[in-house]
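We just call them A, B, C and D in the order they show up, numbering each chain from 1.
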Amino acid sequence: MLPKLPRESLIELCRKMFLIRYFEEALIGLHNEERFKGHYHVYIGQEATGVPAISCLGVGDYLFTTHRNHGHLLARGADPRRLLAEILGRRDGYNKGKGGSFHTNVTSLGFPQTSGVVGGIIPLATGAAYAVRAQKTDRISVCLFGDGALEEGAAAESFNMASLWKLPVLYLCENNGKYGQGKAAGTARSSTMAVYPLTDLPAGYKIPAQQVDGTNAGAVHGVVSEAVKKIRQGGGPQFIEAQTVRWPGGVTNWPVVPIATDAAIAWDVTSVPEAEREWYRDSDPVLIFIRELVEKKQVSREEISEIQQGILGVVSQAVEFAFDSPYPNSETALEDVFA
Amino acid sequence: MRELVYYEAKLEGLREILAADERVHLFAESFLGLSEHRGLFREIVKDYPDRVIAPPISEIGFCGLAIGAAMAGLRPIVDLSTASFTFEAWPQIVNEAANALYMSGGQTRAPVVFHMLHGLRGGGAAQHSHSPQAMLWNCPGLEIVLPSSPRDVRGLLKTAVNSNNPTIFIDHTLLFELRGPVPEADEAIPFGQADVKRAGGDVTVIATSYMVQRCLTVADRLANEGIQVEVVDPRTLVPLDFQTLMASVEKTRRVVIVDECHQSCGVAAELAARIGEAGFDKLQAPIRRVTTLDVPVPYSAPLEEFISPSESRVADAVRAVLS
Amino acid sequence: MLPKLPRESLIELCRKMFLIRYFEEALIGLHNEERFKGHYHVYIGQEATGVPAISCLGVGDYLFTTHRNHGHLLARGADPRRLLAEILGRRDGYNKGKGGSFHTNVTSLGFPQTSGVVGGIIPLATGAAYAVRAQKTDRISVCLFGDGALEEGAAAESFNMASLWKLPVLYLCENNGKYGQGKAAGTARSSTMAVYPLTDLPAGYKIPAQQVDGTNAGAVHGVVSEAVKKIRQGGGPQFIEAQTVRWPGGVTNWPVVPIATDAAIAWDVTSVPEAEREWYRDSDPVLIFIRELVEKKQVSREEISEIQQGILGVVSQAVEFAFDSPYPNSETALEDVFA
Amino acid sequence: MRELVYYEAKLEGLREILAADERVHLFAESFLGLSEHRGLFREIVKDYPDRVIAPPISEIGFCGLAIGAAMAGLRPIVDLSTASFTFEAWPQIVNEAANALYMSGGQTRAPVVFHMLHGLRGGGAAQHSHSPQAMLWNCPGLEIVLPSSPRDVRGLLKTAVNSNNPTIFIDHTLLFELRGPVPEADEAIPFGQADVKRAGGDVTVIATSYMVQRCLTVADRLANEGIQVEVVDPRTLVPLDFQTLMASVEKTRRVVIVDECHQSCGVAAELAARIGEAGFDKLQAPIRRVTTLDVPVPYSAPLEEFISPSESRVADAVRAVLS
């Protein structure tokens, strides 16, 4: 399903999804070529959640994200050059090299803190909601986190306060397949979470909660824009669980790219290694989206190709920029401890 | 100068802060622990119903919430009541607030104040008697304030709220009934300025929080024995006014450090290590630490007294560095 | 409603309830006469929860309790002399004076740890359940805590594991009236807990959860004995919320006794100060219980009087014993840090 | 003696422990962090399916659960993975486990082992690079173990599991590939026995965990300059073998302390304070501390190197105490 948006906006969403995909495929390549070290997490497979969801937000809204933040930042308009520079620990990184992949944040885009502590941002995002309400604005706060974060007690504590105090916060839980994988949504038990469907947890705290297919950009756009509207009108917190199927390239701690994503795969998966073929055919949100764009005659396959090429160019520029950026001076390590 | 009782000075400061800056929100049920005066807090709640909120028993949640609110422009003060409950919020304080500015490369400020009551309070036992300042000092990115007088508590609270950094404000119940001079004028006492609470030429006693008052008492007593004790109160550990401490050390060349943390890796350990290094050529005697002994805090009064940095242990230490 | 138990057992329950009541009335008196210092919490008003509930347990079962522990210890058979000695910090206290009111525990009665940290025992009790299951015994673990503890994330985390791993643990939440006070059970909102009824929280984690009137000894005995049976049979965790109305003498941090409890009040409350009369008439679990005992002809009013006198004697002996017990030697403060 | 790689020795010890005592249960997903060898843990899971359980991401919950299980007769080992996550379980570790024996007046034992990977690991950044040993040392009731060699990790793990106290077992990823002698025989290395890892007469370098290996490298280099460094590894902070440390200090009269905690109130502060007091008359130079600088840990490699207790900083400190 396509979001109910004008063609230009749909193309913009398409560009963002490609940007995330190619940015991260490139990133994995660089890591596996040992051009940088360190642990990182990729957003591949969740593009149709973050991109349409974040497109529903206003300029002044706050976003808090986690270890799996690259997609959220790019969806919000972050410069891939500065994001990559940060991941490489370079001077031109958004955080001057101090944050790295786990912590990249961009306050000018509304990201106050990106935390690598599972569950760490849930109270923080709830607090930003408290602030914007106290300031009598109509801004909202959005908390983007994984299904695992619900296992942390901090989630439950935050839901309680958000509900008691009717705070303007959207909890967007991205359930990337650890739970309920391959089963009908919300029916399967997880080995680490007894609450199922997951929405039962916020619902217990009287927070309206719903599930959505996170590979379906139109469905995501629909529920998120609706939720954002309610929150902005003073309706208090909302919870959305977006379900995606984990990308097979990212199931271990050290991702590998089974095949570089190409629009052509949307119509013919035979080039994909057999083990991963099912995912690219049924669950790849980028391919699903462009297939629909073409089916619904919003764009032609040629246009898709052009977009793809354009984004590949943007990504290679980002790689060049980031590697050209020098490491920060050692003494800068002593700065920014106190304001 | 007029005199106020400590709890009055504290509440006056709080009122002045609330009146001056509408970004200040309080997450608190009282601010005065179990003291008899906690009812006074209800008047503040009445005057600022939209800016004082009593949170659920969810320390990690409401501390994190306050940090997030600070990031979005408020100036929250969070009352954790007994300092031991700070542990419940440890991940938010030491791993979110303390790191926010740094890991964002200077982008994100978290100007939140965490208020708590530390130390041996008489019968607090093992789970309600902690002094977490040493653990927190091991965590860069937090300012740490320890008032010890009516004037200081009011003046330092103002600076804490105006600070752009996360600030730990550690108070002590046993100070609440203390009377002392407090200026009428609005006074913010800057961080990083140690205060020589009593001048003396024989021994430097560095003390924090309630221990300052205890050491002043001991100093009076020792004066009768002809020993002139200089009592220096750092007032803030972060930032630390090491210069003032060293000036006293260079004068007396003998040092006793008194604080209520457990001994190992406590505040006294850090001060002793720094002074030991900087003052190596000056010191005439080993630095003595008088701290809470390294055992959990017992309930029974005589046991608690035995492990505490008591007057007699302080006096003995002073005599020891002079012998 | 009376528990379905033989007359002797009912009398034993009656004795235990009186013991708790008189022990704590004495304790409050001693404190207010400044014969000891320090903070403490009383169980008055909850006697018909703890006494019948604990009577359902076996010798080998574990019990974990909180700052409000006196009633649980006495219900389980603790010696009031040693309990009081502990509260006074004396050598003959159960914890040799090291624990005090907040931490009194008696391992020989199955109390491994009494924690003054709200929510602190919920993971611990869940862990003891893990252990007894691993040891292939049919023991169970019982966790006795207040409604406020549900606000701590540790509660949610523990419920999750207990449910996932089907652990033999009974969560007995004593809701002493902060929530839903004076309103129909479970319908009122609390200012600090958005989940209502409270049983919705464990239920979200798929833990069978029910409410019971905590002033009704028979009802408590019924649901607890049923729950214990299910747990012992391998049915996994159970949650019970017992609702009581907070004793007016204990609403502030420093309790006062409005009137010394006397069996006669069960039939005539005119001697009770007006402000507290309603509580003694409608909500006092001890008076409700003895009224029923007499109505159902299990005992006569004379027998009640005798029991009452006997218990008053026990309590005054306890006071004497405890004050006669010396303070521990100072050097013992250095013992028991390591085993 | 045969040689093993560190991670092999560690897993061998774990296997021996599981085989020897069925009270041992593991709450863990790997035990080897992100290392390439983490797959090996799966074999252990296969062999002990009922005694290894992967908990939810609920640190306060599963640490508390393990403590409760220990109180009821098991000997749980909990893997917290990165030491920074220990903060999530802080209230259970410092306010329940540490106090259990004491506040029960000797009744309740909590023989649980908390295992974690501390320190600068390369790119861990502010939130994943903590060394919580100093904070934990400030909390009486916990034993603290820091292995630094294949032999030590196996031998100390055994003692940790057999201990009747809550024990913090702090390991370091950067040790995993180290090769060294490990006896075939079952060996439990007692707590409270420092190990002189290298003898030398000029300077005592006290180091812990991975820093021991770093200091051995520096010692080799300095030997070429004619400086004989003695490297002493306390191995356990609680209990601390102060005697062995002081024996070395009395021999060399010059001390450098190297550890990865942040400087203020770190492990080095405590050691410096104790040695400064006990060795006042012996020391020929001020004690130098080489620690992680007092800033949150930056991500970028050259920044991380700059704030770390690096080889060059250790070497400089050794030269400084000799000059």
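In this text, a contact is a pair of C-beta atoms (placed from the backbone, for glycine too) under 8 Å apart; a residue touches a chain by one contact, two chains touch by 3 or more.
Since this is a predicted model, take the numbers as computed values, not measurements.
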item: Between C-D and B-C, the pair joined by more C-beta contacts; value: C-D
item: Most distant chain from chain C by Cα centroid; value: A
item: Computed distance of Cα centres, chain D from chain A, in Å; value: 37
item: Rounded Å distance between chain A and chain B, as computed from the means of their C-alpha atoms; value: 42
item: Shared-contact residues (touching 2 or more other chains) in chain B; value: 55-56, 58, 60-61, 84, 88, 91, 95, 102-103, 125-127, 140-141, 294-296, 298-299
item: Residue numbers of chain C (touch at least two other chains); value: 93, 95, 97-99, 103, 115, 117, 120, 151-154, 157, 160, 164, 191-193, 337
item: Touching residues on chain B, where the partner in the complex is chain A; value: 25, 50-51, 53, 55-56, 58, 60-74, 76, 91-92, 95-96, 100-109, 111, 140-141, 143, 164-165, 239
item: Interface residues, chain A side, partner chain D - complex; value: 37-39, 89-90, 93, 95, 97-100, 102-103, 115-120, 148-149, 151-153, 191-193, 253, 327-328, 330-334, 337
item: Chain C to chain A touching residues, read off their complex; value: 151-157, 159-160, 163-164, 191-196, 200-201, 203-207
item: Contact footprint of chain C on chain B as seen in their complex; value: 34, 54-61, 84-85, 88, 122-123, 125-128, 293-296, 298-307
item: Residues of chain B defined as touching chain D within the complex; value: 84, 87-88, 90-91, 94-95, 98-99, 102-103, 125-127, 130, 134-135, 137-141, 238, 261-262, 264-270, 272-273, 276-278, 280, 283, 285-289, 294-296, 298-299
